[in-house]
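In the two assemblies presented below, chain A is common to both, partnered first by chain B and then by chain C.
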Partner chain A sequence: MSLPKRIIKETERLVSDPVPGINAEPHDDNLRYFNVTIDGPSSSPYEGGKFKLELFLPEDYPMVAPKIRFLTKIYHPNIDRLGRICLDVLKANWSPALQIRTILLSIQALLGAPNPDDPLANDVAQAWKDNEVEAVKTAQAWTKEFAV
Partner chain B sequence: MSDFDYNDNEAPYSDFEFSDQSFDDTEDNNDEIGYSSTDDGSAFDDDDIYGPRADTRKIYETDHKALTKTDLFDICQSLIDDAHSILSLPKDTIATLLQTFNWRRDNLIERYMEDPDKVLSTSGVIDKPTTFQFETAESGYMCYICCEDTPNMELLRLGCNHRACRSCFKYYTEQKINEEGTSKDLRCPNENCTFVIPDSAIKVLVTIDVYNKYKDLSLKSFVRSRNSIKWCPYPDCDSAVECLVRDYELKTTVPSVTCANGHSFCFGCSLEDHQPCLCALVKLWLQKSQDDSETANWIKANTKECSKCHAPIEKNGGCNHMKCKTCRHEFCWICMGDWIKHGQAYYNCSRYDDKDSKESREAISDSRHSLERYLHYFNRYANHEQSARLDKKTYIMVVKKSKVLQESIGMSWIQAQFLSQSFKILHQARKTLKWSYAFAYYLEKSHVTTIFEDNQSDLEFAVEQLSELFEMDASEIADRKVQLLDKCSYVGKRRIKLIEEAAKGLSAEEWKYVVDF
Partner chain C sequence: MPETETYHSETIYPVIASDIAMQGTKTIDSLNRLVDYSSLDYIDVPGHLLCPICQYPFVNPYTTKCGHTFCKECLIQALEPNVDLSVECRCPIDRRPLNRDYVEDIFPAPKIISNMVNDLVAYCPNKSRGCQFQDQRWLLQRHIKDVCDYALISCGGIKEDGSVCSQPTHRKFIMEERRIQRDYLLYGYSMLPPTNARLMYGSSNIHTKNNIKDSASSSESVETKDKSNSLKFDQPSKNNLHLNAIKDTKLYQKLASQDDMPLLELQEDIQIPCVHQESDCANGCGIKITKATKEAHNNIGCTKVMLSCEYCELQVAKPKLNLHFEQCPEMTISCSAKAYGCTWIGIRRDLEAEHQSKCHFIAMVPFLSKQDKKIELLEKENKSLRYHLDNISQSLANLPSFGNINRNDSVSSDSTTYSIETTESLGALPVLPVDLSMTNASISHMLMENDRLRADLDHLTTSLAELEMKQNTLFMQENFRNQEVMHSIKGMINTLRQQIHYILLEHRAFTTNSSNPVHIINQSSKVASTNPELLRRRLSDITRQDVKL
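Up next is the complex of A and B:
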C-alpha cells in the first residue's frame, strides 16, 4: 500500500527542518513507525535525559491521533509504568490539523510542566502533590538512571 | 387485545393535564412544550396511536404512546420547526443548537433571548445564512489534511471559513460517525475550531448508510434527553414508547407498556412486563434470587442451625455430639437439644419429645421459617420462569398443529388462529403468575393478601389445565376446541382479575410490605 502524501510530506519536513531537541526517524521497513528521541527540557527534572519513544501512525491517520508511548522509564504524573501518555491532544482534542512535530512538542512541554491534577500514574501524582521537592528529586534520579 | 384499541378522538392523557409548568417543577430536564397539550399545535395530534383513553383505561393500565422511528423524527423536526419560527436562524443551525441544549427547546430560546452571541459560540454555530459551501481550489492551494495540491480540486468551506478538500471531509466525518459513534462532536477538523459541521453538509458528504447511522445516533441522543421516552428493550426493536409516569408513581403503579411492534415491557425499569410486582420489588427480588437462591437451597438441604446462635452447620462426619464453632454451644445433632442433658445416653439419642429439645427446635424454626418462606416463593417463581421458556417449544408445536389442522381437518387459516392466540394468553398468564410470586414474597400477611393468594392459586390451577390441553394431538384439539377456548377465556379473565385487584391495592396503598424500598 502506498503511503499517503501527508505522511511523506511530514516525514520529509521532520528530516529537512528538525525540531530542536526532538528527533524522529521512520523505520526502514515500516514508514508508519517512528523511533523518537526527546531531550528533557532545561530547568525541568528531566534535564539532561534523552527519552526514547515509539510512534505509530494508524491506518486512519490523520483523522485519528498517532499512537505514541515512552520506551524509557520516566517518573512523571501523566505517564504510566507502560509509558502511556495522558495528553488531551492525543485523545479528545486531536485535530487532523495537528502533526507529528506538534504532538512531539506538546509532549516535550508536558515534561516541562507536569500536571498532577489530571494524573495517569496515581501514585506518582500523589507523591507529586504530597511533597513536590521529593518527587522532583525522584524524577531527577530516574532521569540519571534510565535516560542518560 | 382490546386494551389497545385506539378509537378516541379527544385529548388523550386527560387525567394528566401536563402543562409545561407542572413538568418543569418536577423534572427540569423535561422540556415538554413541543408535544404537550393539544392546543398549542402539538406534534402529537395523530389520535390513532394514542394509548387507551383514561375513562376506558383499566386500573392496571398506564397511558402511553408507541412511537416508531418516523414518529421520533417528526417530533425532532417539529421542535426544530418551532424554534426556527421563533429564532429565525437556519434550520441546520437550530438543529445543532437543540442538540447542544439536549433538545430542551424552551431553555434554548430563553438563553438565546438573553445572550445570543454566547449561545451561538458555546454551541459551535455561527449566525450565517449559509453554513457550508463547495468551491474550487485556486492554484497553489494544498489541503492541510491530506497535503494534496491537485489543481481545481473540490473544497468544502464551512461557516467558520475553514476549508479542506471534499474527500478529507468525507473521510473525517465518516470516521467520526463509524468509529467513534458520535453525532454530537462533529466539529470542524481545524485545530481548536468548535464549529459544528451541519446536518445538511453531512448529508451531501457521506454515503447514505453512514448518514442513516448518523441520524440514528442523533435520535438516540434525543431519546436519552427525554425522561418520558424510552426505547423498547427487545433485541433489534427500534421503536420507542412515550409514557408520563414519574418516579414517585412507581410506588403505586406498574407501568406496563407496549411498543409499536407489540413488545410489552415495563416503562419504569425497562425489564419485561412484571405486573403485578412493583419495579422496586422486582429489583430487590432479582438481586436476592441471583445472590441467594442456590446458596439458600443448599443450606436448606445440607445444614442445620445451631439452636443458640443460628449459624448454619454442616455435619460432614463424626458423631452426634456437635460443638458450634461460632458460639461454642454443645448440642445433639439428632434432637438439637443441649448435649449436657443427654447424660449417659451418648450417641444414641432418644430424647426427641423432651421439653428442652423441643424448645431448641422451636428456636431454630423461626429463622428456618424465613428461609423456607423464601424458597416457597422462589421455587414457584422459578417454575413459571422455566415453564415460560418451555412454552416457546410448545409454541413451535402449536404452530405445527395449526398447520395440521388446516391441512388434514380442513380448518381455515382464520379458524386455526385460535391456537396461537390462546397460546399468547397462556404465556402472558405465566408471566403474571411468575411475578405475582415475587410480589407476594414481599407482602405482609393480611386479609387482602389472602384474597390475592386465592386469586393466584385459582389462576395457577387454570393455567396448568390450559397448558395440559396444549399437549393434545391435533385431531383431539379440533374436537375439544370449545373446551380450550373456554379455558382460555377463563385464564384471561382470572389474570385480569389478579392484576386488577393488585393494582387497586397499589393505587389505594393498601399493601403493606415486609421491606422498605
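Up next is the complex of A and C:
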C-alpha cells in the first residue's frame, strides 16, 4: 500500500520545520508509525520532562484521527495509566483539516492545562480536585522520576 | 478536469483530440489521461491555495456555505456520512454542520480560485524521466501531449518483418527518427550532426538514400544488399511517390528553405524504422542495443566508451572507472588508518612508498580492528540480552492477572533496572541479574502451574457431583421398582389368604351340617388311608367333638 502524499508532505515538514519542544520521527520500517517526544511546557508541573509518545496514522488518515499514546508514565487527570489520552480532537471532534503537528500541539497544551472536570484517570482527577497543590507536587515528582 | 474546469481546458481539449487524430499515434500513459494535478511537483505555492485536507493546491475547488474551500474530492470524502449516522457531518475547519447532498451547503468555488490554482507553475510530470520543462499547470497537458520528449508514445515504426511496432517509447527517439527521415526525403542527407546520424541510423540510412536516388533517376538498379533492407518499409514506393509529390509542389520549396520545419506537418507521411530494432553497439562492445536504449548504454554500460582518469590520465572504460579509482596510484587519498586518527592526506603512490612505514596508526590497525570486532560482538550480545530481559519483564508485568499484583510488579521493575545497570557498569557480575530473571521466570511458571491445577480440581469436583447425582437417581429408580414388586407380592399373598379363608369356611360349614360323625369318621378314615395329614386333622376333630359331647 502506498503512502498518501499528504503523509509524506507532513512528515517532510515535521522534520524540516519542527515545532519547538516537539520532535516526531517516522519509524524506519513503517512510515505511518512515529516516535514522538514532547517537552513538558514551562511553568507546568511537567516542566523539564521529556515525554515519549507513539503515534500511528490509520489507513483512513486524514479522514480518521491518528492514534496517540503516552509511553512515558505521567500523572495527569486526562491521561490514564496505559497512556491513553482524553482529548476531544482525537475522538469526536477530529477534522481532516487537522494535522499531526496541530494534534501534538494540542497535547502539549493539554499538559499545560489539565482538565480534571473531564477525567480519564478518575483517581488522579479526584486528587487534583481535592488538593491541587498536592497533586501538582505528585506530578512534578513523577516527571522527575520517569521523564527526565 | 471535470465540470468546473476553467476556460483554459475548454480550449485545450479539442486541440489535443485533433492532434492525436492527426498524428495517428496511440498514446500510452499520461497522454490518454489528464494530467493528475494532485501529483505534480509545484514550484512556490502560496499557502492560501492549498487544500486544508490534502495539503496540495486545489483540484476542482469547492466552497462551503461557511466560506471554506477544499478540493471537491477531499470535501466529499470528509463529509461522507457515518454508517450509523451517529456523527453529524461538519465543516473540517469550523465544524459547522454541512450536508454534502445540498447544493446550498457545498458548491463550486468562484472561478477566480480555479484560475489561480491553474496558473501555478509546476514541473512536467515526466521530470523523473529527465524532462526539465516547467510551466503553469493547465499548460502541462498540452506539453505532454505534443512536445514532451519524455512522454511515452507508441513507437509506430516499421519492424523488420514489416509490421508496425506498438511498444511504448520516449517521444524523443521517435522525433529524432522522424527528423532524420525528413531530412533524407528533402535533401538526401541528414541535417543532424553526421556522427549522430550514423549512430542513430546505421545501415538503413543507405537504404533510404538509395531509394531517393532511385526515385530521382528511376533507371538505376537497386543494389542487392538493399533488397533485404527494403523489407523494413512496408511501402517503400510510397515514400518515393510522396517525395516526388513534394518535389513537385510549392510545399517542397517552402520546406527546403526552412531549416526549422514544423515536424507535425510531415509526421503522418513519414514512415520510420522501429526504434526497438536491435543492433550491435557502434563502439563494438558486443552488446545488442536499440535506438531507445543507446543513450543510456553509452552513458553507463558501454565498455568501449573510454574515459581518461582524472588523476593518472589513463584511458579506462566507463563501467570500470570506479574499480580503477580504487587502485589509481596518482589519486589523492587519506591514510588507511584515518578512522583511528591519522590525518595524513596524499597520493596513493606516496602512501605505499613512504607513509606506510612511518605511520604508527597503520601498525596499530590489526589490533584496533580486532578490538572493533570484539566490541561489535559484545554490543550484539548486549542487545540480544536486553531483548530477552525485556521479554521476561514484559511477561512478568502481565502476571498480575494471576494474583500477587504489587509484589511481582515491583520485583520485575527492580530486576530490570538492576540488571541493566550491572551489565553496563560492572559487566563482571552478570550472574546476579540472570539468577533474578531465572527466579522470576520460575515464579511465573509456578503460578501458571498452580492455575492449571486449580482448573483441574474444579473440573474434577464438578464431574464428581455429576456422578453422585447419577447414582442417586439410579438408586431411586431401583427402589421404586422393588417397592412395586413388593406391593404386587403383598397383593398376591392377600388373595391367597382370602382363598384359604374361603376354603376353611366351606370346610367348617360342611362339618357342622353333617349329622353323622361316624360316617364322617369312616369317610375320613378312607381319606386318611390316602392322606395321613388329613387323617390327623380328622382325628383332632374327633377329639374336639368328643370334648364337646
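In this section, the second predicted complex is superposed on the first by the 148 of 148 C-alpha atoms of A that agree within 3 Å, B and C clash if a C-alpha of one lies under 4 Å from a C-alpha of the other, contacts with A are read in each partner's own complex, and residues count from 1 in each chain.
One rule holds in what follows: contacts are C-beta pairs under 8 Å (C-beta built on N, C-alpha and C of every residue); 3 or more make two chains touch, one makes a residue touch a chain.
Keep in mind the model is a prediction, meaning the values are calculated, not measured.
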Just chain B (first), just chain C (second), both, or neither: which does A:Val64 touch? first
With the two complexes superposed on chain A, say which partner A:Lys5 touches: chain B (first), chain C (second), both, or neither. both
Touching partner for A:Ser95 - first (chain B), second (chain C), both, neither: both
Shared chain A surface residues [contacts with chain B and with chain C]: 5-6, 9, 62-63, 95-97
Complex contact set, residues of chain A against chain B: 4-6, 8-9, 60, 62-64, 95-98
Which of the residues in chain C end up touching chain A in this complex? 38-39, 52-56, 74, 77-78, 80, 87, 90, 92-93, 95
Using the touch definition from the top, list the residues of chain B that touch chain A in their complex. 144-148, 164, 168, 171-172, 175-176, 179, 189-193
The chain A residues in contact with chain C across the complex are 5-6, 9-10, 62-63, 92-93, 95-97, 99
